[in-house]
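What follows is a pair of complexes built around chain A, which joins chain B in one and chain C in the other.
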Partner chain A sequence: CAFFTGKLNTGVDTIQHGVEGLMYLLTESSKLMISEIDFQDSIHVLGFSDELNKLLLQLYLDNRKEIRSILSELAPKLPSYHSLEWRLDVQLASRSLRQQIKPAVTIKLHLNQNEDQTAQVLQTDPSTLLHLIQQLEQALGEMKTNHCRRIARNMK
Partner chain B sequence: LDDPDLKDIDPAVLKHCHAAAATCILEAGKQKADLSAISTCLEDCKLDKERIEQFCTEYQKNKDALEILLGSIGRSPLHITDVSWRLEYQIKTNQLHKTYQPSYLVTLNVENSDSGSHPDVSFSCTMEQLQDLVGKLKDAAKSLERATQM
Partner chain C sequence: QRFRFCGDLDCPDWVLAEISVLAKISSVKLKLICAQVLRELLGEAIDYEKILKLTSDAKLESGDVKATIAVLDFILSSAAKHNVDGESLSSELQQLGLPKEHATGLCRSYEEKQSSLQDSLRACSLRLSQLDSVSWRVDYTLSSSELQEVSEPLVHLMFKVRDRDRGTTEAVPMAVSAGKFRVLLAELKQAQALMKTLL
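Now for the complex of A and B:
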């Protein structure tokens, strides 16, 4: 701010207000995803020159996507899926029982939570694994049903 | 040990017998011993034929249940027992309007080998991420199938 004060011959406060005003304009516009026309109408009342209005519009359109993706990070979130590793194991013996053949699938689930990555080790047996696959495939299929497609279409 | 038939016997002796029988049964179960091995072992302990036969018959009756019980003792990572999912369509947040995208919320029900219950593992994912997850689980299942055919 001090740097620009010298260059533009105005007070520090003015520069700060200017920057904040610009930030607010761009953030609100991006958040609401307003159209070009609405944006132009909104800044028209500020009484700037046509050239400045054009510059502001361009600034909005160029940066809208990035601003929106940053804003989407602020939403309340659960841990999100990152990746999954798996391993097939067969338990052959334990302290309490010898001569076993017990197959198991060991899974390492990587999740993201607020910039931290956590890894959790889980295990399941073959029949549960097949059950999990069946259930999750059903979940994936849901988005393709008429009901969900209709809602997605009408919401836009 | 509270059985009225046994009240005439010295409690200390009774406890010894119980402990001995339990140890014998558990060792036989652990080693997956067959009936001839058990019979030989009991013969060495100077039990008569009738008692050995009775013991072996009872053991045979309960052998499978015993093996299941012994096999379930031990530590293992959290065990997944079930999965539930929720599909939602996001419209807006207070920071961002018009988001319009589907997202899945998946909950894995898990069990601890020690205490039996554990908070479930929940996470959100996009459709692509869920496809990745299901793809990897299917790879694991295919591997299992191949392993069983070897």
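Now for the complex of A and C:
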């Protein structure tokens, strides 16, 4: 800002407002993905010269893809899957009962959320695990139904 | 087709694709690259510069070099994971299109380090917490604000528990009366006897 103050002979505040205004114009336009014509109509009311309008339009068209990709990162995110560790144990005895055979699967689910890594430890017996796998496979199977396929086709 | 080194499952597509890249490197150089990847799997630092030099003859792109390291990493650790012997690994890799010389060299390096690899994999298996150390102290309480003559022994235990994710150690102190401590010791001795029968 100080650099441009010297060059353009105006106050720091003016430069700052100018930059902020330009940012707002570009982010709102990119966010709404407005067409060239709409953009031109919108800035026409500001009463700038034709050359300036053309420059602004070019600036918008050149940068809107990148601005949109940055804006997409700002949406709130749920924790996402990072990795999974597991182990299979058999409980043979405890303080209260000897001569047992109790298999258990211990799972550590590593999740990522906004650069934070968290881990959840879960434990289950083999039959619950099989049920879990069955449910997940059913969920994957849903993608192949006609209903989902129709929606996926229409989204493209 | 099922492969033992893939855990009796199909070989992943990317591994199949990268094996053809491996064939471009000379078998001697491949064995040396293997040695580097094994070092990294055993916890030492990988010498990326060395690998770049070894692959320079084959004129691989930088993406291919990384893929080579990745596929060797997968083959070696997966074979160790499923306890595959060198011979079987060699024949399975040849079935996937790796030339005989390359497979033999790779499997020789694998066999040398197989048990160390398995030890290292065993050590980093999922473990919820780890006891680092135990320290103790026996005190004798003479008197307290509640009772003038207490005259009882008291054991102070300090367990240092390691958090494997964060690499920090947490101290868990506790004070145990003589009676409770006797019970604790007896139970732990029973557990130890049970563990001995399994070893």
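In the analysis below, the second predicted complex is superposed on the first by the 99 of 156 C-alpha atoms of A that agree within 3 Å, B and C clash if a C-alpha of one lies under 4 Å from a C-alpha of the other, contacts with A are read in each partner's own complex, and residues count from 1 in each chain.
Basically, a residue touches a chain if its C-beta (ideal position, glycine included) is under 8 Å from a C-beta of that chain, and two chains touch if they have at least 3 such contacts.
Predicted model only: the values in this text are computed from it and were never measured.
In the superposition on chain A, A:W86 makes contact with both chain B and chain C. By the touch criterion defined above, A:T106 reaches both chain B and chain C. Set side by side, chain B and chain C differ in how many residues of chain A they touch, and the one touching more is B. When both complexes are overlaid on chain A, the residue A:R95 reaches chain B and chain C alike.
Looking at the shared chain after the overlay, A:L132 reaches chain B, while chain C stays out of its contact range. In the superposition on chain A, contact is made by A:A119 with chain C only, not with chain B. Shared-chain residue A:I151: touches chain B; no touch with chain C. Where the contact sets of chain A with chain B and with chain C meet, they give residues 85-86, 95, 98, 106, 121. Residues of chain A touching chain B in their complex: 31-33, 68, 71-72, 74-81, 83-86, 88, 94-100, 102-107, 109, 111, 120-126, 128-133, 135-137, 139-140, 142-143, 148, 151-152, 155-156. In the complex of the two chains, the chain C residues touching chain A come out as 125-128, 165, 187, 191, 194, 198.
Per the touch definition, chain B reaches chain A in the complex via residues 29-32, 67, 70-71, 73-74, 76-85, 87, 89, 91, 93, 95-100, 102, 104-106, 108, 110, 121-125, 127, 129-134, 136-141, 143-144, 147.
Of all residues in chain A, those touching chain C in their complex are 85-87, 92-93, 95, 98, 106, 108, 119, 121.
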